[in-house]
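Following this line, the structures themselves.
Paired with subunit B in one complex and with subunit C in the other, subunit A is shared by the two complexes that follow.
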Partner chain A sequence: MKISYYPGCTLKTRAKNLETSALAAMDALGLEVEELTRWNCCGAVFSLADDDLIHIVAPVRDLIRVKESGHDTVVTLCSMCYNTLARANELMKTDEVKRKTINDFMDEEPDYAGEVRVYHLLDFLRDEIGWDKLKEMVKKPLTDLKVAPYYGCTLLRPADVAIDKPDNPRILHDFLSALGAEVIDFPGALQCCGTYQILGNPEAALSASKDILADATGHGAEALALACPLCDYNLGHKQDIMMTKYDGLKEVPIYYFTQLLAVALGLSSDEVNRFDINRESAKQLLESKSLIA
Partner chain B sequence: MPLKISYRTINKEFQDKVKEISGQSFYKCFQCGTCAGSCPMSEQMNTTPRKLMALLQLGREVMLDEVNTPWVCASCYTCEVRCPRGIDIPRIMEALRLITLRQNRNQIEPSNLQPEEIIDLPQIAMVSGFRKFTG
Partner chain C sequence: MSTTADETKKVEAQLIPIYIMGKQYEVPESLTIMKAMEYSGYKYIRGCGCRGGVCGACSTVYRKAGDYKIYSGLACQTVVEPDMYLTQIPFYPALRATFNFEEMQGKPEEIFGLYPELFRCVACNLCTKICPMDVEVMDYIAALKRGDILAAREISFDCIQCGLCASRCMGELPQYHIAQIARRLAGAFLTPKAEHLKTMVANIDTGRYTEGLDSLKAMDLDMLKTTYSDREMEPAVAGDDWTPKENSNL
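Now for the complex of A and B:
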């Protein structure tokens, strides 16, 4: 089975560790993906205005590229790209009037009506491989690693593009269990990290992120697993600032779920995981548990 | 704050604009406060999402140099999945932002951002931030 892979901008720059670990892991799992030969930025956020269809053109173009490549499925790794592409796809599938306007506007492109299936790698793994089979393929179980699954917003909301139940998701829990990790449930798993407010209202974003970190460590987490480069930035890269700002906040490594997948599949090299982009504590914790050399 | 209500304070044009851009009806809101209680950003808002709905119902023109709610909203959709009246509140926030941004009033000026603020920002932060805060 051949499927398209849509990387998005951030995976080629700040979040190379998400891409390299995911591609190596997919290869090890026998999933054949093909990066789209031509793709453009999805716009990162879905247009929420009825009179702003121009911002839906970009993600729809990406979906047309998938169709053009002869594939009926596209997989994304970045949660924000997933959300934007999936919502654009839903709109093209269900809203006849807007679909016509967008198709008419893009008269140089073939018409599109939501024929492509948009997946995030997490629900793709669940549907195409399944947790039992994934468990069998694990070479290095993440035994004793206490990981809190952090979903954030864009994989679960709004409900029509949710990869699992929006109010009680299990998908990242089940994924981490399959890898052999000890899964730490915590209420903050569905809370927003503050997202782009790190640009507009950094105080608000840092405060929201701090609550999530404190909640996770308070429930005994040694690390967080997530899928979004912006969550990773707010929760991970901004952690030093938060630790000086908020008393009692503990350092906690942040991993992309794909890095933990790669490690569990026995892919422990630096080229695959690029832990140099994570917080220093990310590599150290895995070394201390003898999960990587 | 005390709120004066009279036929003169009702701005129908503004109400219509919000409805048209968002595709949502704020009249459906029955003021339960679930949105305000669920909102991760409400602490930083000077007007909760619930109160914002009330202002819109009363036909007040919501001025975004006074009411910061749409600027602090993170479009996280927590309120939307919980609103018992099925209102897509983030779309109302977007409409309010756009009404201001379309008057060429940017909330952040990209050229004023300091290099150290943006040097290690992921692209999705820049793109989404500019989408939400600039016209």
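Now for the complex of A and C:
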């Protein structure tokens, strides 16, 4: 099966570690993915205004590129790209009137009606490989690594594009279990990190992120696993600021789920994992557990 | 007046109606828009440069009767069609950021900083649709948004900076200026340096060609002409290893 891969802009700039680890891991799993030869920014945020169709044009254009490449499936790694593409796809599939408006506007492109299947790598792994098989393929189980799965918002909301049950998801739990990690359940897993508020209202975002980190460590987590570059920005890159601001907040490494996947598959090189983009503690923790050399 | 049998037959030009800024003119059907405008009495003091399709001074937009689409073309290259409604847009205001090239490093963030409006692109593709050079404008903007300066350089290569893209942009981007800085950064920082260029510049600096140039300057016009017409030319069919016999200046 040949599948299109939609990277998204952030994976080419600030979140290269999400892409490099995912591509190496998919290769090791025997998944043939092809990056789209032409693609544009998906818009990052799905517009909530009901009549704001111009912001649906960008993700639909990407879905048309998938169709043009002869593939019927596209996989994304960034949760925000997933959310935007999947919701645009739903709209094109189900809303006849808006579909026509958008197709008429994009008269230089072939018509589109939601023919492509949009996957996030997580549900793709679950549906196409399965957790049992993934477990068999693990070369370096993440034994003793206490990881809290952090879902954030965009993989689970709204319900019609959720990759798992929105109120009680197990997918990231099951994924981490398959890798052999000790999964730490914590209530903050579904809380919002503050997203874009980090720009307009940083206090609110830092406070939201601090609560998530404190909740995870309070439940015994040594690290967080996530799939979203913006969550990583708030929870990871802003951690130093939070630690000076909030007494008693403990350092906690943040990993992209793909980095843990790569490590568990025995891919420990720096080129694959690019831990230099993570917090320093990310590499140190794995070294201390002898998971990477 | 009598006509003789051998008088050359006059070829009648077929006249067609076109509308320049809304006014109808009858013009010969084989003319370019530029020549048709001159035929109709317009005189260019701007909006015309090379007349060869490379300078980008003569961009023109037009519609055809009964067709909602906007078309574009270079006035000096596009042949008139019956009932075309046209106007030239030789210039479109677009902000060009100023920067000190000496301080640049070839990073995408530098472009983001100079042109933050880049991120206002919604991928409507109107820029690509209007481009008279068929440049995939929206695609190079998309490439830049993900920091791929080399791809932007490649995709924008045919841009002649006419500015029509900017005229259509709902995000108000000055695409053609952004593409130019991408090409400049790519050339200066992201592509291999041409080693032979360094040697050539060094040769010039050390005066290797001064004598040859001085001797040309000293020639009178006739001598210059003969020197030019008698020069050794590369044969139409020449192997890769062909070199001129007189190569003291190579």
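Just so we're on the same page, the second predicted complex is superposed on the first by the 293 of 293 C-alpha atoms of A that agree within 3 Å, B and C clash if a C-alpha of one lies under 4 Å from a C-alpha of the other, contacts with A are read in each partner's own complex, and residues count from 1 in each chain.
The rule is short, and it goes like this: contacts are C-beta pairs under 8 Å (C-beta built on N, C-alpha and C of every residue); 3 or more make two chains touch, one makes a residue touch a chain.
Keep in mind the model is a prediction, meaning the values are calculated, not measured.
> Is this a clash or a fit when subunit B and subunit C both end up on subunit A?
Here the two partners, once superposed via subunit A, fit next to each other without clashing.
> Counting only touches as set out at the top, which of subunit B and subunit C does A:Arg61 meet: first, second, both, neither?
second
> Let me test your reading of the model: by the given contact rule, A:Ala293 touches which partner, first (subunit B), second (subunit C), both or neither?
It touches nothing on subunit B or subunit C.
> For A:Trp39, select first, second, both or neither according to whether it touches subunit B, subunit C, the two together, or no partner.
It touches subunit C, and subunit B stays clear.
> Count the residues of subunit A touched by subunit B and by subunit C, then name the partner with the higher count.
The larger set of subunit A residues in touch belongs to B.
> Classify the contacts of A:Val97 with the two partner chains as first (subunit B alone), second (subunit C alone), both, or neither.
Neither partner.
> After the superposition on A, what does A:Pro166 contact: first (subunit B), second (subunit C), both or neither?
Once the two structures are laid over each other on A, A:Pro166 reaches subunit B alone.
> Considering the aligned complexes, could you tell me the closest Cα pair distance between subunit B and subunit C in angstrom?
Superposed model gives a least subunit B-subunit C C-alpha distance of 6 Å.
> Considering each complex separately, which residues of subunit A are in contact with subunit B in the first and with subunit C in the second?
Touching subunit B and subunit C on subunit A: residues 8-9, 13, 41, 43, 55.
> Taking the touch rule as given, give the residues of subunit A at its contact with subunit B in the complex, in rising order.
The contact residues of subunit A facing subunit B are 8-10, 13-15, 41, 43-45, 47-52, 55, 78, 80-81, 153, 157-159, 166-167, 190-192, 194-201, 203-205, 207-208, 211, 229-230, 232-233, 237.
> Spell out the residues on subunit B that touch subunit A in their complex, using ranges where they run on.
Per the touch definition, subunit B meets subunit A at residues 20-23, 40-41, 43-44, 71-72, 74-78, 80-81, 88, 90-91, 93-95, 98, 107-108, 113, 120-129, 131-133.
> If you look only at subunit A, which of its residues touch subunit C in the complex?
Counting only subunit A, the residues touching subunit C are 7-9, 12-13, 38-41, 43, 54-55, 57-58, 61, 105-106, 108.
> Can you check the complex and tell me which residues of subunit C touch subunit A?
Those residues of subunit C that touch subunit A are 108, 121-125, 128-129, 138-139, 141-142, 145-148, 170.
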